[in-house]
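Heads up, there are several structures right after this.
Each of the two complexes below includes chain A, the first together with chain B, the second together with chain C.
And now, the complex of A and B:
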């Protein structure tokens, strides 16, 4: 039994690493012709032998961070309402709604976005086709908010009652208790939820592919068409197997892999430091 | 009770009729594979794959002793592999050059045409563009529809992904290999192109003529309408043939397969996959 479990653990640990090795190896044809630094900082222009993925990296990062920036305060508020700031009936309903929303397939957001959001953004801002970062940002934030909210609400529930009672005894009203006691004590949960959502936002393909416009340029504003790493993979995957375009999607995969790993490590770091601070 | 029996009987008769019609309709074209066996290897152009796969599936279901393998690789790969005898049929989305035909002793079959039309929203008053105007629009020199006789409205250029054969034809023959502006939106398929252009009155894109319907309008290029007829007659230049090549005379199995592409059944499949069938 022990050996079996150990083998399972080893397999689980080796597989992700094997994937990293795999994507690195498949991107090899690119390193033969270009330096690694050029590929990461260069621009995408396959007609003139430009296989850099810099614009896609910037877009992916920008989109993930900005959707977190939108979703974080909203989720914090929603989680607070569910936790006890709202009357129990409202809180219950809100929680049910949020739970239902976590299961929405992203293609639904993408589809509604194509026919409703994109024309609306085009009409309101009168700049470009409406397929832009903003059009992807809105549904992406909407997509990650429910998971984040549930994570936050769980973190709040885990806070010891004694701390709240203590705060109440000192005369803190519910909002004060929430802002001054609950939020600061739920650091681990907040960090975990945020990182998880960052990973989801970074990894989502369909919303960006359908709504962000996919121009391989570094966007200079939220109304510009831009392409994420994931959308790039989806767009180029049909290219000839031997082509350098095809090899570049493995480079994208590698970058995505490393970015998400870094985020997870960061979360772990934050959690341990919070833990020390509390004890 | 009697009514019910009658109903069942009618239903059975109807089913038998339908089945019978299906069988007789197919029998003629696929009959040639009767008695043939062995493996047929096909590779090359990716545009050919949907058509060939549909036909191969039908053949292999009817005659299990025939195996057909279809690989991609691109036009260059198709010509090279058939020339070196690695496959029986090599597909290409371009006509093999005279040099290739001479070196390998290729026999060339053109069985479909694929035209690519510039498309706009049906409400757009612009009906025709010169190829110079088209190039300037896609390169970003012309930025407003009023410069080509439309309303005062910025042009939204939509293009296709790097792997698209449609993009390659359009870029080569309509844009004369000119630049495509960097900030153009990119969509992953002919279908997505139709949605993008059909929902945006200021958009311009391009797609296989097989996909054009009432939600978009194909533009005439230098006064020539883009349509099945003009592509077939060669008047509309932004088109390509879908070719299959064999090294010398094809084997009986390869010949039967290539012949199938010119029968009414084969042409129905070609049309169903969005291409224009060509007579032998």
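And now, the complex of A and C:
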């Protein structure tokens, strides 16, 4: 029984390694003709043998960071309401809503974005087709907010009661307790949740693919069309399997893998050192 | 007299709450508004009679039936594979591994949980590419590859839910059977697993939801727009989320667009139901267990 369980665990644990090995090996044809640094900093122009993925990297990073910048304060506010700044009935309902929202399919966010947000952005800014970074940013931040909120709310409830009672005894009202005691002492939980949400925003494919416009260029503003690493993989997959263009998607895959596993490792590191530093 | 900033903080929290509420209303409201009238038997079966479609006598060309069957087979296959493997790994992590090994394995599954779905799809695709070259040229992206990839995608869910649920069993419950002379395996089968069923079940429900919803994985592993009801594991297939994606990019008629909204509403309804169920039966398991990137 024990051996069987161990074998199953081992088989499952091989999977993350296998993914890394596969994407690394299949990108090999690229390194024969180009240097690694060139590929990471070069531009995408497959007609003229340009297989650099720099524009996609910039876009992925920009989109992930900006959607986090929107989602972080919103999640903090929502977690605050759930935690106790709202009347219990509202807090309970909001928590329910947030839980249900974690289940919204990404493709539905994209779908609504295509028919509601894209025309709206086109009308308001009178520029281009409306498929741009901004159109992807709004649903993406909305998509990561619920999980982030639940994460934050969990971190808040993990704070020792004595600490809150102490603050209350000193005359702090709920808002003061929230800002001066709860948020600072939940710092690690907040950090872990944020790092994980960064990985999630980076890994999203459908919203960026459907809404960001997919032009393989370094965007100069939020109204520009741009292509993320994930969308690049989905778009190039149909190319000729022998081509260098095809090999480049595995390079994108490798970059994504490294970034998201770093996020997972960092979150784990932050989480496991929870007990040591509450201050 | 409260300080001004306290009002500001409170106001900000309420604005955040309303923003999220507003977002949810726009998504649900718009899909429901455009889709509700089209959720009829004709949405699924088109002009074919439901009975003929169910018995697979006539193939449905203008309905969602093939896509629905495709999604069902994906869910059944992937969760069917992920459940035994994930349960085994979760039990091993919670009950039999200790110290450094446990820590390393947990990190491995954390990393796996963070791998973007498009990458999991890419992995499945490259596996099929290699099988195509080495085993048989008949092999390509197909239902089997998609099921295998989706299994990888939801495996961390099942493992984590199982592990967390087992670890949350109260110490005294854990000791009673042992003190009565049960061995470790008996204790596991008759006490620990039954008392962590809620957590495990909610993990499985979320895994089902993920499989039904994920588009990026199947996009790379053999989903197509017209395959009919899947006949074998080695054929391409249709699926609801891909249909929604396809309609948003290139719908040819108003009728197709209406079907897209119908499909979006159905998928949204299914996901919301599954997640609500999962959160309702989940008591002991923390959100961490159910979180995946």
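FYI, the second predicted complex is superposed on the first by the 250 of 279 C-alpha atoms of A that agree within 3 Å, B and C clash if a C-alpha of one lies under 4 Å from a C-alpha of the other, contacts with A are read in each partner's own complex, and residues count from 1 in each chain.
The criterion applied here is as follows: a residue touches a chain if its C-beta (ideal position, glycine included) is under 8 Å from a C-beta of that chain, and two chains touch if they have at least 3 such contacts.
What you see is a predicted model; the values in this text were computed from it and never measured.
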{"item": "Which of chain B and chain C A:19 touches, first, second, both or neither", "value": "second"}
{"item": "First, second, both or neither for A:224, with chain B first and chain C second", "value": "first"}
{"item": "Which of chain B and chain C A:234 touches, first, second, both or neither", "value": "both"}
{"item": "Partner chain in contact with A:58 - chain B first, chain C second, else both or neither", "value": "neither"}
{"item": "Superposition-derived comparison: chain B or chain C, residues of chain A touched", "value": "C"}
{"item": "Contacts of A:108 with chain B and chain C, given as first, second, both or neither", "value": "second"}
{"item": "First (chain B), second (chain C), both or neither touched by A:213", "value": "first"}
{"item": "First, second, both or neither for A:120, with chain B first and chain C second", "value": "neither"}
{"item": "Doubly contacted chain A residues - partners chain C and chain B", "value": "114-115, 210, 234, 237, 241"}
{"item": "Chain A-facing residues of chain C, complex", "value": "2, 5-6, 9-10, 12-17, 19-21, 23-24, 26-27, 30-31, 34, 84-86, 88-89, 91-93, 96-97, 105-120, 122-123, 125-127, 129, 152, 155, 159, 185, 209, 212-213, 215-216, 219-220, 241, 244-245, 247-249, 260, 264, 267-268, 271-272, 274-276, 279, 286-288, 291, 293"}
{"item": "In the complex, chain A residues that touch chain B", "value": "46, 114-115, 118-119, 122, 127-131, 209-210, 213-217, 224-225, 227, 234-242, 245"}
{"item": "Footprint of chain C on chain A - complex, ascending", "value": "1-2, 4-6, 8-9, 11-13, 15-19, 22-23, 26, 73-78, 80-81, 85-86, 90, 94, 97-112, 114-116, 142, 145-147, 149-151, 154, 173, 175-176, 178-179, 196, 199-200, 202-206, 210, 230, 233-234, 237, 241, 249-250, 253, 256-257, 260-261, 263-265, 267-268"}
{"item": "Chain A contact footprint on chain B (complex, rising order)", "value": "46, 72-74, 77, 154, 156, 158, 161-164, 182-188, 192, 195-196, 199-200, 202-203"}
